[in-house]
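The following pair of complexes shares a single chain, subunit A, combined with subunit B in the former and subunit C in the latter.
Entry: the complex of A and B
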């Protein structure tokens, strides 16, 4: 019954099973004991009665001639020596009837008893229930020796003893009561081991659940204490082994990831130094190119142009490495968002190409350099991949500043949309490498997250790609932004700052 | 053309920057270590010092502090982005500006020119010397006296003080100061302003009291006064 099993808890099921077993064994034991004891009691009483009555009858010599009165006196004698309980003695001889009781004839005696008693020299007995009372009826023929030394023959006189078995009934009733009184406390006592067993099973189960939960929460060093050598201990041991293996693999993965990140960071560092030298001389090369032979001039200009792009790529790689290593710093300042956007656009000579719908008075706490990167990357992206007019729109909703960059191009292909912020993802495979480092949107996303904000890309209803950035006005709160960063995400003016100094800084 | 002392340990950067600046007519002396750079100061008498932060032995920051002990020579640090803590320490040590490597020569030259540009002289008929509390500011002579004693100010400190005191009680945002005093064309590092304000305060303010001349308006920026 899986339904019923599911409806009750493990503890309930265990207790019910224990009680059932206890009840069945108690009832069975009581029933068997009852039957055995009842038989023993009845047989003993019956044997005693039959034996003593037989002795009485054997020693009984009736006074002749038989008359009811003298016979009755003799019967009184026999009745007085009744064993183990009082009995009433009846005598029958032909039509003569006598008894030690009130009535000469007993209603308990059956014709069958009378017949077997007459034919058997040893007499006969039977248990009779009359009017709800149990009686033992014993019939004994009185024997007489016709010839001295010869076999005894029935004299025709038959004595019956009728013994009420009330005492035995009482005994048996008390047996039943005893069985009942023993079984009920027995069941109650069975509850204790049932609960103990349930506890001993359930405690490891509870521990296991807690441990599994904690593992799921990322506590990979969670282990269970192994107690004893039972199945639960096996389970705990298996759990611990699996947890250790899991922890090891995760650790290996983490190390591999850290190695890869360190490698990327080292490579960019190593690339940067020669690039710094090369980039410093590109101006010289460009200026002199006009005086060189045409092919040499083209070659020189190519080197110069590619050096510039390489420098941008390496800078972007380093920026990404810092995000990966979580050492990116946030230097926040309270600024007017509109002014910040206008500065970005004017700094890149974009004011004529981009429509800025930026209301004044939206003051926000952010890292101006990073916000510049966010806006510049989105606008640059729109100008490169979309089409003019490009619109930058600022608005406030609750405690977030919404920055939207909308272009009028064909929009983003639906299959590219989920990957648009991936590193080195190119929406158009045929697109030339020359347009950006391929890291611009990935860096933009990281910068937004560092501020505790969100960024979304979609295609606007009227066509064109629409990027939406939401940033909290108060700057990042603790817990967002750089999760493992050492207090870098909390604004301020720099890590070397002491607190009292920070108070006097704008 | 300004004479540039370049201290840079990496040969390719040293040579690249030297070639680039020479090409534009600067007279460049390149030193490989901080010690060599300090030695060359007297003989070469540069107009400006281009100083790499990461130097073997004596670091750029140490060189910067040593130079500031005796001179108010304009100093621009060469750094890599990500060396954020070093930038802060370098600015505290008295550098006027910094350039993130790799950079084109035109960027380096623009920074040099911005740092060397003298604060604009007053065009209206102001008195040559202004008195603000215990400060005497001579706009034409570019000198500042505190209680009659001359105060040695680095170029960026002097420019910031002149700029703020030109319109007392006017509040300037840090972005605006970056643009107008440092000539940074767009969003740059506001720590430049904060470090300079701290250095300036250390020289003209009474350390036991709240700043009197360069006052902070939290969330908005800085202003000169009111006294």
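Entry: the complex of A and C
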């Protein structure tokens, strides 16, 4: 099961990671800045309020013994000089309560602040949130000097100021807004480098994929342009080196193959001249054989027979090497297929042994010599390895002419069926010294492919081997001309044959 | 199944990331605080000049000792309010060498000579708070409520004051003793820096200092 990582592309993941990092840093920065700024705002407001409250109280503090009316007027004075924001001043002396506001006591003042203020010798403040509004409550004990300029004792009078922090609230809210408005565009801006970074990673990857694809398609000279010195550049360099090595290896293989083919071709050429001389001699020797001693005559006849086979083998080798070298030419004529078959059979003196079901009027473009080779090889094969009666049947299906050669022998062993068209393949090890060169069916197949057709071998339902050749009526299509045909055949035989195999075994 | 530990680790990582990002955000707006100390108290001259007042120590509604000034019309008229013997007692500090010894820390002119006598102060204290003072919740300790005019005589020595009372001093609560001690001490000396011995009908108590000690508060 692929994880979440696989669900997104590289670009998406890169961008998400980038944005995540940007978001974390932006939010953290904004939050820390916000905290600092908020604290600064609050601390400044508090310090200002506490200091100014103390100053105002020192200026307007009432005298003892306390007169409640004077006290209230003093509180009004203190309240009138509030800084930085308006405040309400409350006073406590014993059980006396007074304030500059409507009510003598405040609901904002907490018992903790009252107790601390009453019992300690320092000012205190407290932030209180009541009904969603923030207040600053300042408690200030008043100490009185016993003698002028001397030490002081607590007077029992404490003053409180309650200041709503509305402005600070507004300031801090605007800080939040500013932090948010700063962070969100920051994220949007971070998208640009994220996309650029993703692009800089993805472009080499995409190039690499394209190059690998085109190499798979056979273009071994594909190379990637190496940019920069990063890991991607290393990867591209490695890819290029591997591609170069692969190209070199393939080239060497190709040359080795070509050398081997050329060697076979040269050998058969070189053999042909002495063989021609030998054949001429064996003809003469054959005629004289009757006059020789019986043992010598048998030896002479064996020599001449083997020489003839050798000549056939050399001819076949030369034919094959022409196919391999892709110089086999196709000289097509429009002919009557039935006539061509009859010519072949009569030329080999097989008319008596082979039943020909060849309807007239099947006109087809083909190379008569090669068609002769195809039919002769198949029929000869059937006569040699199969059993009579052998039937040659011509029919037409769609655009193709179907030539079938059917014998009544034991058929082809199933394990030999896939290899029947291989060179020098002997279906039966015991027949290793058969009369054939071992190249007949291979040459037949090459000829069929040269025509743009196909050939199949299978065992017929009623017994006996059945070879089926399908040739297009129009001759080889324009795409598979003489030079291309064999290559197409070479490339195509592998899969085609495996498909045949599947068919035949089934 | 095999992926689950990875998934778990991923979740943990994500949570850590969110916490990292969200942590500083906790607490938007203005937060409540506890009580925070904020510098020196207000220090002012709330008391009338020493020669125009007596400083009596009553108890606040919270039973704290509070210095309560009470105006007197003239420094010397108050003496008649006390008994005949109090004239003797109050005349002694005038001639005492305590001006140098006791008032060393007090500025010149603030000596004890011009102040109303300690006996008058203790007598006024035992008489209880006046109407305005009562309205402010000031009161005497319970054991002093029946002690009006119990002040008998005050003997002033060098850094010591002896207060003779016509009541049983051993039955007095700590608050009541503190009231008398502080009133006598601050009457005898401007900063109250004398030890006071209470002597009653049932004997004498160990000398004590006033628990309310003036402290110097930095002005800035």
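By our rule, the second predicted complex is superposed on the first by the 462 of 506 C-alpha atoms of A that agree within 3 Å, B and C clash if a C-alpha of one lies under 4 Å from a C-alpha of the other, contacts with A are read in each partner's own complex, and residues count from 1 in each chain.
Here is the rule we use: a contact is a pair of C-beta atoms (placed from the backbone, for glycine too) under 8 Å apart; a residue touches a chain by one contact, two chains touch by 3 or more.
All values derive from a computational prediction rather than experimental measurement.
**Q** Thinking of the overlay built on chain A, is A:283 touched by subunit B (first), by subunit C (second), by both, or by neither?
**A** first
**Q** After lining up the shared chain so the two structures overlap, which partner does A:461 touch, if you call subunit B first and subunit C second: first, second, both or neither?
**A** A:461 contacts neither subunit B nor subunit C.
**Q** After the superposition on A, what does A:293 contact: first (subunit B), second (subunit C), both or neither?
**A** A:293 sits against neither subunit B nor subunit C.
**Q** I want to verify the contact counts: of subunit B and subunit C, which reaches more residues of subunit A?
**A** When the residues of subunit A touched by each partner are counted, C comes out ahead.
**Q** Quick one: is A:152 in contact with subunit B, with subunit C, with both, or with neither? Answer first, second, both or neither.
**A** It touches subunit C, and subunit B stays clear.
**Q** Go through subunit A and flag every residue that touches subunit B in one model and subunit C in the other.
**A** none
**Q** Would you mind writing out the residues of subunit A in touch with subunit B in their complex?
**A** 269, 272-284, 287, 308, 311, 314-315, 318-319, 322, 327, 329, 331, 333-335, 339-340, 343-344, 346-348, 363, 368-369, 371-372, 493-496, 501, 504-506
**Q** Would you tell me which residues of subunit A are touching subunit C in their complex?
**A** Residues 1, 3-4, 20, 23-24, 27-28, 31-32, 34-35, 38, 42, 46, 50-51, 54, 57-58, 61-67, 93-96, 110, 112-113, 116, 118, 120-129, 134, 138-157, 159, 165, 168-169, 172-173, 176 of subunit A touch subunit C in their complex.
**Q** Within their complex, state which residues of subunit C touch subunit A.
**A** 3, 6, 10, 17, 20-25, 28-50, 55, 60-62, 64, 66-71, 105-107, 110, 132-133, 135-138, 186, 190-192, 212-217
**Q** Considering the complex alone, what residue numbers of subunit B touch subunit A?
**A** 10-17, 19-20, 23-24, 80-82, 84-85, 88-89, 92, 101-106, 108, 173-175, 185-191, 194, 197-198, 210-211, 216-222
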